[in-house]
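Chain IDs A, B, C and D follow the sequence of writing; residue 1 opens each chain.
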Amino acid sequence: MNPWATGIIHTLLLIVIMLLNGSMIIYMLRKVLGHLHLRLGPTELGPGGILQLVPDIVKLLVKEDRHPGTTDRWLYIIAPVIVFVPALMAYIAIPFSDKLIGFDVNLGVLMLFGFLTVIPLGIFAAGWGSHNKYALIGAMRAVGGAISYEIPLLLSALIPIMLAGSFSLKAITMAQTTSIWYWLPAFPAMVIFFICSIMETNQSPFDMSEAESELVSGFNTEYSAMRFGFMYLAEFSNNFIMAAIMVCLFFGGWSLPFIDPNSMGVFAPIVFIIKTYLVIFAFMFVRGTFSRYRVDQMLAFGWKKLMPIALVYSVVVAFFVKLISMKTGGGL
Amino acid sequence: MEPVLKDFDLDGMSVDQFVGYDNQGWLSKEPPAGIPVPRNLRRIADDPHKMSTEHFLLNVGPSHPSTHGALREILELNGESVMSSEAHVGYLHRGIEKLCESRQYTHLAPLMDRADYAGGILPETALAHAVENLAEIEVPERAHWLRAIAAEVNRIASHFLWLGPLGLDSGAMGPFLYMVRDREILQEILESLTGQRIMFNYVRPGGVFGDMTPDAEAKLRKWLAEADRRMDEHWDILAASELFQQRVKGIGVVSKEMALSMGATGFVARASGIDWDLRRDRPYGPYSKLDFDVKIAQDGDIWSRVVVRYDEFRQSIRMLRQLLDGLPEGPFMAKLPRVLRVPKGESYGYVEGCRGEIGIHIYSDGGTKPYRVRYRPPILYHLAMADTLLPGGMIADAIVTLASFDFCFGEVDR
Amino acid sequence: MHVNSLLEAAGVETLSVEEESKIGIVVRVVPEQVHATLLALRDGDLSFEMLLDTFGADLGAETELPIEVTYHLRSLGNGIDIRVKTCLPYDGEYHSVIDIFQSVYLPERELCEMFGLYLEDHPNPKRLLTNPELTTPLRKSVQLRSKEEIWSRY
Amino acid sequence: MARWKFPVGIFKAMRIAWINLWRKNIVIQYPHEHYELPARARWSVEMTLDENGHHKCTGCKICENTCADYIINIDLSVDEERNKHINHWLYQRGACMMCGLCVEACPFDAIHMGKNIELAYFDKEDLTDDLLTDIDAVKPPRKERPAPTMKAEGGTDGDDS
């Protein structure tokens, strides 16, 4: 087949998967938060209200694209794209199974984090370009949060990498099939990673840049119609990506215990998605329960608590990894 | 100037004009000069040893998710820190005090509901006390007890409407809905008792509108049976969580001196160490026969207010059990003429409202309508207090501090 | 009466100090003496440390000084209330007592806008509740909308 | 730095949230389900009809004078024999605050507070309702003059039943 056609088809497939996934997570958020709050969530359209997303998307598409006159026009327009594209690109490095992976690079983890790091930039552009004080405060908070939480995030991600001896997500997953899943030896790292990914995806209790009760809607106050839709979708896509990374690093990817990873076949992506959605459920559960941090408390928590713990723990793990590898002459 | 109208030219205005657009109505003979916007009793100066940015003004409200009604708070910000603040109210002003002058004494209760829309029974009761005091009406005992039942149910409902949004303003969405669930049951009880969920029109001079309904009593007993467990749950979901505690401990401190000087009553005074509860110290109705405690906290911060009010919940539940069990038999309305004439004079009726002392001061000229009605809104005093607390904190603190005073702008603006 | 001797000792000239049956002790003073009276009451041994309310009433145009301003003070320790009343003319000058009780910060603004008084010595003498177009709503001369006006609004 | 304590409260909060996740929801799905109104519920004013389906209004205008918001307007014409004829019984539903004072004031139980909760309209004109149009007023029964006390006295409550 023509490689161009294959490329285009794959790209479109990726976009469709991403959109479907984003919609599923939005539906799931509504249902989980609904039931958590003794409500029902959407019920009217389709079985269990699953088709509610269709009119929502149609509404976003046909809505007037309101554009405040005083914005920095270029930044205002490009910001949703900056937020949306990395969220889309990050899908290519996620190993849904040993074969279903877009682009298995050696440094897959780094590539994913690289994509995700661009998102706060987009949020900042949105906040700055909106010419709105609430949006600006939200943007500043997003940048501050991103700086202080990406360090412990990467430090805690280092631990499974050290344990597996590889940066490739596929290799890390495969390494977990031969030994135990890494959440057990790397439990503190998993907790830190979980907390930091909540921050990274701008969810309560770290939804600083959005902070509805303080900043109305934070960085996306001035956005409407499909531009807002992009931001909204990107948020859930990030959610999925962070959960997927977490599943790869700590919960054994597509593998299941006591089952030969090579005989999983078509079940592998299903197992992976179920695991990911369970992690997303944990995100949502936290989101619907807790109070928000204050911005200085959040920064203090990131710098003064999470980062030292992650640092010390990675040193400890490095030491033990070296010790074991000297004994056995190989990986863990 | 009407900023909501379509022909309002927003871009042509300077920031100063926009921020202070209702500054034109100076009440003094000479407009004061040289005072910066926002104006308040307290202002933080820039610390030369700390990093500071150019200050900017942020309009919070009147339609902001956490101003609970129509408060417009102008904040002067240095980054995230609030340097000074000014509260603008009046967006809900309906002239209730003036409207009261055009109505008969027995027809004032609906206006009182609309003044305090979260706890309408309490100002109704205060008004009834004032009229009964002036007209020397003998109120049947059962009416007093029914008033107290309705008042305590309403107090719990109103407190839920404070605690839930306090969680919501601090970012916790779940507690709000769990509290609204319980509030819903209480509203149904009040609806069954009074006929409406919020605008009760239940307490009249001389008694109450209707007797206890079996439906309301059954629902209330059912709720009371599990109320303590529910309150434990509400404590665990919100107040026990360290994330919430670190948001409220040591924030928005009202010292005892400040509370006295700025006229704090109710839970704000009690959280600042002022041992004063009208239900205990100047008992009206059946409260002298009830067994309840008054919780005092010393710190005056938001956490103290939360603790004091959680205890008010429990005391109200305790009182409701006693009230239901001891409800005396008899008529629930005194025999009154159809058109009540009240002798000339002045009178003051008070209750321990949901948010502080609600006092109704009535002037009568001997006719069927009051000559002048003054509604003492406790929140008006707390608003001035909250306004001086905001400078020095951050935006998030400002929001939580404002929420912790349980503002009800129907009451402030009247 | 204790309040009477207290005020005399502080050198305050009162018009009358009476116990009214419905609202307790009422001290009537001329406007110039309000400040001294409140100060004496706050710092005297009865210690009325809290000012609960400040409000006015329009006693009608036929009265010589129609705006009656009431200060409602409370002594928490002794559990008694006292009211200080003074009368002002229409468009009179009202002098703020915010240096004694900070609680009058907002109520004084409301009082002066509602009755059309000039508010002096106040840190922020601004209208509180209404627009400048709506003058003195609580005066008796201001009428509410009539039935005909209400029925013609649609 | 304060002594670090293990954050027990966070897990307490999560426990309550987990319990609530499995609780029954509290939603009444409005167009499909309806909330049962209690007997005393007050919604907009309606005419009470007797067994023959005839209204009971005598055109005494007590309700009109009671209503402090002036939202009831009874347009009467009186002939030479003092028979009252109701041309219009106008009721501004949009301005009514549903306090029920007019119902309490009515000496002949001619009106009651209805139970219809669906009071939203698309047109502003629909908010002003003409409850009685071009109909003769009922002659007030001479014997049953209204008692000089308030209606709520004597243990009957405000129900319209």
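One rule holds in what follows: a residue touches a chain if its C-beta (ideal position, glycine included) is under 8 Å from a C-beta of that chain, and two chains touch if they have at least 3 such contacts.
Predicted model only: the values in this text are computed from it and were never measured.
J.: Which chain's centre, taken as the mean of its Cα atoms, is farthest from the centre of chain C?
T.: A
J.: What's the distance between the Cα centroids of chain B and chain D, rounded to whole Å?
T.: For chain B versus chain D, the centre distance works out to 27 Å.
J.: If you average the CA atoms of chain B and of chain C, how many Å lie between those two points?
T.: Once rounded, the distance between the two centres reads 23 Å.
J.: For chain A and chain B, let me know how many angstrom lie between their CA-based centres, rounded off.
T.: From the centre of chain A to the centre of chain B is 43 Å.
J.: State, to the nearest whole Å, the distance from the C-alpha centre of chain A to the C-alpha centre of chain D.
T.: 53
J.: Residues of chain C that contact two or more other chains, please.
T.: Not one residue in chain C touches at least two other chains.
J.: List, in ascending order, every residue of chain B touching at least 2 other chains.
T.: Chain B, residues with two or more chain partners: 99, 102, 174, 178, 181, 237-238, 241, 243-244.
J.: Could you list which residues of chain D touch at least two other chains?
T.: Residues 10, 13, 17, 20, 26 of chain D each touch two or more of the other chains.
J.: Between the chains shown, work out who touches whom and classify the graph as line, ring, star, complete or other.
T.: other
J.: Determine which chains touch and list them pairwise.
T.: Inter-chain contacts occur between A-B, A-D, B-C, B-D, C-D.
J.: Of all residues in chain B, which touch chain D in the complex?
T.: Residues of chain B touching chain D: 99, 102-104, 106-107, 109-110, 114, 174, 178, 181, 184, 188, 191-196, 199, 201, 204, 206-207, 209-211, 213, 215-216, 233, 236-238, 240-245, 331-338.
J.: Note which residues of chain C are touching chain B in the complex, please.
T.: Residue positions touching the partner: 20-23, 49-53, 55, 57-58, 70, 72, 76, 79, 81, 93, 101-103, 105-107, 109-110, 112-113, 117-120, 122-132, 137-138, 142, 144.
J.: Applying the document's contact rule, which stretches of chain B touch chain A when the two form their complex?
T.: Answer in residue numbers: 11, 56, 58, 64-66, 79-80, 167-174, 177-178, 181, 237-238, 241, 243-244, 246-247, 394-397, 399.
J.: In the complex formed with chain C, which residues of chain D make contact?
T.: Touching chain C from chain D are residues 69-71, 73, 92, 95, 124-125, 127-128.
J.: Give every residue of chain A touching chain B within the complex, in rising order.
T.: The touching residues are 33, 36-39, 69-70, 133-134, 137, 140, 204-205, 207, 211-216, 287-297.
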